[in-house]
Amino acid sequence: MSGNSIGRSLVFTSFGESHGPAIGGILDGCPPGIPLTEADLQPDLDRRAPGQSRHTTQRREPDQVRILSGVFEGLTTGTPIALLIENLDQRSKDYSEISQRFRPGHADYSYTMKYGQRDYRGGGRSSARETASRVAAGAVAKQVLKHLCGARVRGYLSQLGPLRPQALDWEQVHANPFFCGDASLVPELEDFMDALRKEGDSIGAEITVVAEGLPPGLGEPVFDRLDADIAHALMSINAVKGVEIGAGFASVSQKGSAHRDEMTPAGFLSNHAGGVIGGISTGQDIVARLALKPTSSIRLPGRTVDLNGQAVEIVTKGRHDPCVGIRATPIAEAMLALVLADHLLRHRGQNAGVKAPLEAVPAQASSEE
Amino acid sequence: MSGNSIGRSLVFTSFGESHGPAIGGILDGCPPGIPLTEADLQPDLDRRAPGQSRHTTQRREPDQVRILSGVFEGLTTGTPIALLIENLDQRSKDYSEISQRFRPGHADYSYTMKYGQRDYRGGGRSSARETASRVAAGAVAKQVLKHLCGARVRGYLSQLGPLRPQALDWEQVHANPFFCGDASLVPELEDFMDALRKEGDSIGAEITVVAEGLPPGLGEPVFDRLDADIAHALMSINAVKGVEIGAGFASVSQKGSAHRDEMTPAGFLSNHAGGVIGGISTGQDIVARLALKPTSSIRLPGRTVDLNGQAVEIVTKGRHDPCVGIRATPIAEAMLALVLADHLLRHRGQNAGVKAPLEAVPAQASSEE
Amino acid sequence: MSGNSIGRSLVFTSFGESHGPAIGGILDGCPPGIPLTEADLQPDLDRRAPGQSRHTTQRREPDQVRILSGVFEGLTTGTPIALLIENLDQRSKDYSEISQRFRPGHADYSYTMKYGQRDYRGGGRSSARETASRVAAGAVAKQVLKHLCGARVRGYLSQLGPLRPQALDWEQVHANPFFCGDASLVPELEDFMDALRKEGDSIGAEITVVAEGLPPGLGEPVFDRLDADIAHALMSINAVKGVEIGAGFASVSQKGSAHRDEMTPAGFLSNHAGGVIGGISTGQDIVARLALKPTSSIRLPGRTVDLNGQAVEIVTKGRHDPCVGIRATPIAEAMLALVLADHLLRHRGQNAGVKAPLEAVPAQASSEE
Amino acid sequence: MSGNSIGRSLVFTSFGESHGPAIGGILDGCPPGIPLTEADLQPDLDRRAPGQSRHTTQRREPDQVRILSGVFEGLTTGTPIALLIENLDQRSKDYSEISQRFRPGHADYSYTMKYGQRDYRGGGRSSARETASRVAAGAVAKQVLKHLCGARVRGYLSQLGPLRPQALDWEQVHANPFFCGDASLVPELEDFMDALRKEGDSIGAEITVVAEGLPPGLGEPVFDRLDADIAHALMSINAVKGVEIGAGFASVSQKGSAHRDEMTPAGFLSNHAGGVIGGISTGQDIVARLALKPTSSIRLPGRTVDLNGQAVEIVTKGRHDPCVGIRATPIAEAMLALVLADHLLRHRGQNAGVKAPLEAVPAQASSEE
């Protein structure tokens, strides 16, 4: 059944396989009058693009995005925005092994069991390549947030294997291939990844995304809570195995007196809630973290079965990311931006004209507190 | 905008406030011919009900559920199943403080900012009382899973504050008020909760839910992935701040050679995936964990603002759960069951008649491995 | 699969069978702050209620509606509004014939073929009784329209069998059991219905519904066009076989020069469009007509088959409407109101703040032109 | 708010403007294993294409469709099917008049009032050009129906202005540019259209679509009834002002004894229901009719207003269809096919394995009776 759309008011529908002619999608529900050109989308696509350092897959894709509809004279029209990205580097290779054997931990198996077949070229639909479409749509959502409420969405690498940044300098985040905000950690990251590549193994990572400048009131309890929709969107990214908001799993061992975010007229005194309480935004920064597993496409041999159900060994060759988390930051930003823009529009529909009895409490506490 | 429905093929829509005449909901899309009576639902409602031990709120609610439609002569008819639970113990109390001041960390504030007003009696719509409706609907979903594919959903407390069970004995889970599978830990849990109650503070908890016996193939990539929908459903539960599937956040520091679940004709050799790969079930146990924050309704005074935006101090009196996690197990089971039953029906619609080229690999590895 | 909800921003989900304990539904997405009490809903329910004249079924149902949630201190809160109507007059009768034989033209057959069984008591879910829930929800939608944009929805009988009113006096519409705006036709309608009842036959009817005071801009092309959603909502009413907007089927033989509604600064010069062009409201009156077939529950014997597929004859006894169209006017109003309120909220979400370059052209032309 | 998707299990999302680079859409939810190539889609696109006779717009578009995803080795994979049609003949013209003045009866006005602006080139999103995407998606839906249940969808012109075919020869339908099943009427149609073109006026039309070979049981009461969804889909086609199923508006003056379709073990004795009762298919032919208004783009001068709200006269030049109904047959077929394929999948999800107590009654009566 159809499951390739996300959002309710602002709906993104994605299409495309790793080695088909193109990938892309349709973003439906974008308000009219938002300034938009392809130049607004390309930077995020470039940030996600492969082959930009020796630490990611060497597949070469310019990921040039085209807007096919929904924009007229530099402004959105309110009609669907179609986004198209052609696949260029579909290096012909021998798929006989992957087509016959299942990579353990890879969607090869589950897709085959579900659909009875699959497009096995480069992972087909389950390839991380699909996320380029999300990044393009997310860049439009960022424009919506910027122009409708001045909000901004950013992300960074908060852990890679055993390595955790000890600082967050947003300038640094964009100055290294790891989206790491701690410059001092970059050499260690380089060494770790080089060693990993030699081993032929892969590693997990954690990404943190932050949204600043959102108004309070976004989120539709009890099921389409803002945090629930954020969890859905982030967990829908390839390789993600966990999502947390604010204090997240740390709140399991917290007491209420420590967790609750006290308020003063000058602002909140902390942000353990991560900007969402009762499923509704508070006006503080939205802070979410996601855990990405190590990719299953590694050079180390593993036990598996083939299409005949026979026990076989498999070794994955070809161009793969040893840490899919490295390129996941722009993808996570895109998914968060899509959810927030959708909820901004959802909220306006039901609540236009509604006035709260008091001024919003300032989001004083830093999102990292 | 409407946000009180969950599911696509099997849709549950919830209604009700803590101190209104009743709560309940409508479950639409249940297949016809499933045996169903109120007696199938009551046990789960009783497991969630308050006032069953000194460690939960002392509000007394029998939580008697009535089925108003969709069942004829003991079988579901395929038409909507309406579920009604009357609110009986709405002890009249003085709400003047809560109606004027915002409990820090409570949805009081975000609801007021969103809607410009709120039903402040006992938390209104944001009250955990709403979850009784979910448990009733989830019990129907459990019947659907049982009768259509023989699957079972169960859960247990996997952490409370600093205390972690070291064993899982399913018999024990139902033998103590904590849903703890480790009998030896129960006295410590009792002592911890007694001390906490004296302090007037609250504590967080972690719940683990497991689904056994599901077929492979459930989940609709790329957005309605099974894991993404599970994350959405579990994060939609009051006080949940984090969700993880399988290895979850532990996979951040894992290598691919350790994380991947190898397969042999005899079965999977591990289940770090938690039963979902590429957003599709593999046939192994589905294993998900959720982190619940400590409730914000505590007796210790806190700084906050009132309806005029003035700085005030607040102390929450009345009947509150010092650990909402204690009663969360049946709720988490219900949400997982709803997602799985929905996806079972979704999958059948598109894939009825589709045959995989090989037999499913047995789900040999234990879900706890 | 679930199909008992209608609307996107304002969603109504209906439940209930003719002879179950109750019928009702949940209206989700209603904006907060709308004045609402049960007294606002009862009048429309009374207009639909059976047994008010000898021309409708003699089943006696007070159709007392209760609001179970979503309203606090006389105002909607923005949370789901649950509506409950108990079934009181479930006269015990002998269903052996109806349970074994299919009334030709009745949903008996299609329900049984779809679900493999059915609740045959009084038609079960397919009974017109279900429409009482729609009328209650539609009355809430009328409040939304009234308070958010001052719009009003009204309807009348525009044909019954061969009889067509020649005038429309809104006062008269509510002064006779037929919702007929032409007082001079009422005696003929009485005689026609008396004769029909003697025959034991039934008759079709046409209803016209009109919405005044709507702003331009409602409707979401290309699929959720306002006219398409109106057609969906009206065709979803029991026994409806046709829907038209504005000139409708008459436009088949019109020329463009005659059909187009010319505009002047003083207003539109006609309303053949029925208030919708390109799927979007123009600000003129919305005018829609629906054709209702004659009910299939008649006393005249008919050929059919039984549960064993054998040829049998059937005669329907019991209390049935000889013209379901008579009571359909409040139902059609309710469905139109639900669609319009939903689209008003949908439009606001995407277009809040959007300004048209010119003032709206006045809706000068009468809706009946 | 997003409104460019249709369907629940099989969802089609459309994009594109008349004079943008391309139009197309994404069809999500198509079952895997359905044979599909571009050659299966092109014939329907060619039937709809403009410029094939002197009676339609002379815009020249090959309407070559490309499948960008969802098909592998000639079979659908179960992943989204992206369809792309490039716009080639975007003859540069002077839009100054249309951009400043509103064509009476045209979506110019309503789009501008809704979005505050519009892409005025060739009607932009409101252009009938958008329907080419629908035809491509509908052709896929026809494949789904053919391969899953052997059903077929066909249509024909049942009226053009005052002219009604007196016969239906399916061979003839495809032998003339009018989709007219009565060869003897074609010369009259030619003459009528020639005269109309000289006048510079336009005319309405009625199309009938028929689906044969569907199983009973499709449709999800009470709102997503099969007839309601058909009405929605057909009314969503440009210029459609009315939709009826089976006897439609004729049933207003029918008696129940005449309307009801009696059943015998040999089959139904008539089909006034048009194949749908209680919102569920009966297994008889689905028969629906739609009324198309005369296009508003005519050469005869008309009164309107300009962007400044001033009274002006307008004359539409350029290439326009004098009867949009002529090319509407393939579009109506496509929309019906999309609804039926969607409901076939929806039904399977909830009812897979459900057995009716008796064999289906044969659909003996002709769909034209």
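Chains: A, B, C and D, in written order; residue numbering restarts at 1 for each.
Rule of thumb we're sticking to: a residue touches a chain if its C-beta (ideal position, glycine included) is under 8 Å from a C-beta of that chain, and two chains touch if they have at least 3 such contacts.
No experiment lies behind these values; they were computed from the predicted model shown.
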{"item": "Shared chain contacts [chain C and chain D, defined touch]", "value": "A, B"}
{"item": "Which listed pair, C-D, B-C or B-D, duplicates the contacts of A-C in over half of its pairs", "value": "B-D"}
{"item": "Of B-D and A-D, pair with higher C-beta contact tally", "value": "A-D"}
{"item": "Chain centre separation (chain A, chain D; CA means) in Å", "value": "38"}
{"item": "Approximate Å spacing (C-alpha centroids) for the pair chain A, chain B", "value": "25"}
{"item": "Distance between chain centroids, defined by C-alpha means - chain B, chain D (Å)", "value": "45"}
{"item": "Sites on chain D at which at least two other chains make contact", "value": "1-5, 8-9, 14, 29, 32-33, 78-79, 114-117, 125, 221, 345-347, 349-351, 354"}
{"item": "Parts of chain A lying in touch with chain B, wherever the complex brings them together", "value": "1-6, 8-9, 14, 102-107, 109-117, 125-126, 130, 159, 161-162, 196, 201-206, 216-225, 227-236, 238, 240-249, 251-265, 269, 272-274, 276-283, 291-298, 300, 302-305, 307-311, 325, 346-347, 349-351, 354-361"}
{"item": "Partner chain B, residues of chain C touching it in the complex", "value": "1-5, 7-11, 13-17, 20-26, 28-29, 32-33, 66, 68-70, 72, 75, 77-82, 84, 114-119, 124-125, 345, 349"}
{"item": "Residue ranges of chain A touching chain C (in the complex, touch as defined)", "value": "8-9, 29-33, 78-79, 221, 345-352, 354"}
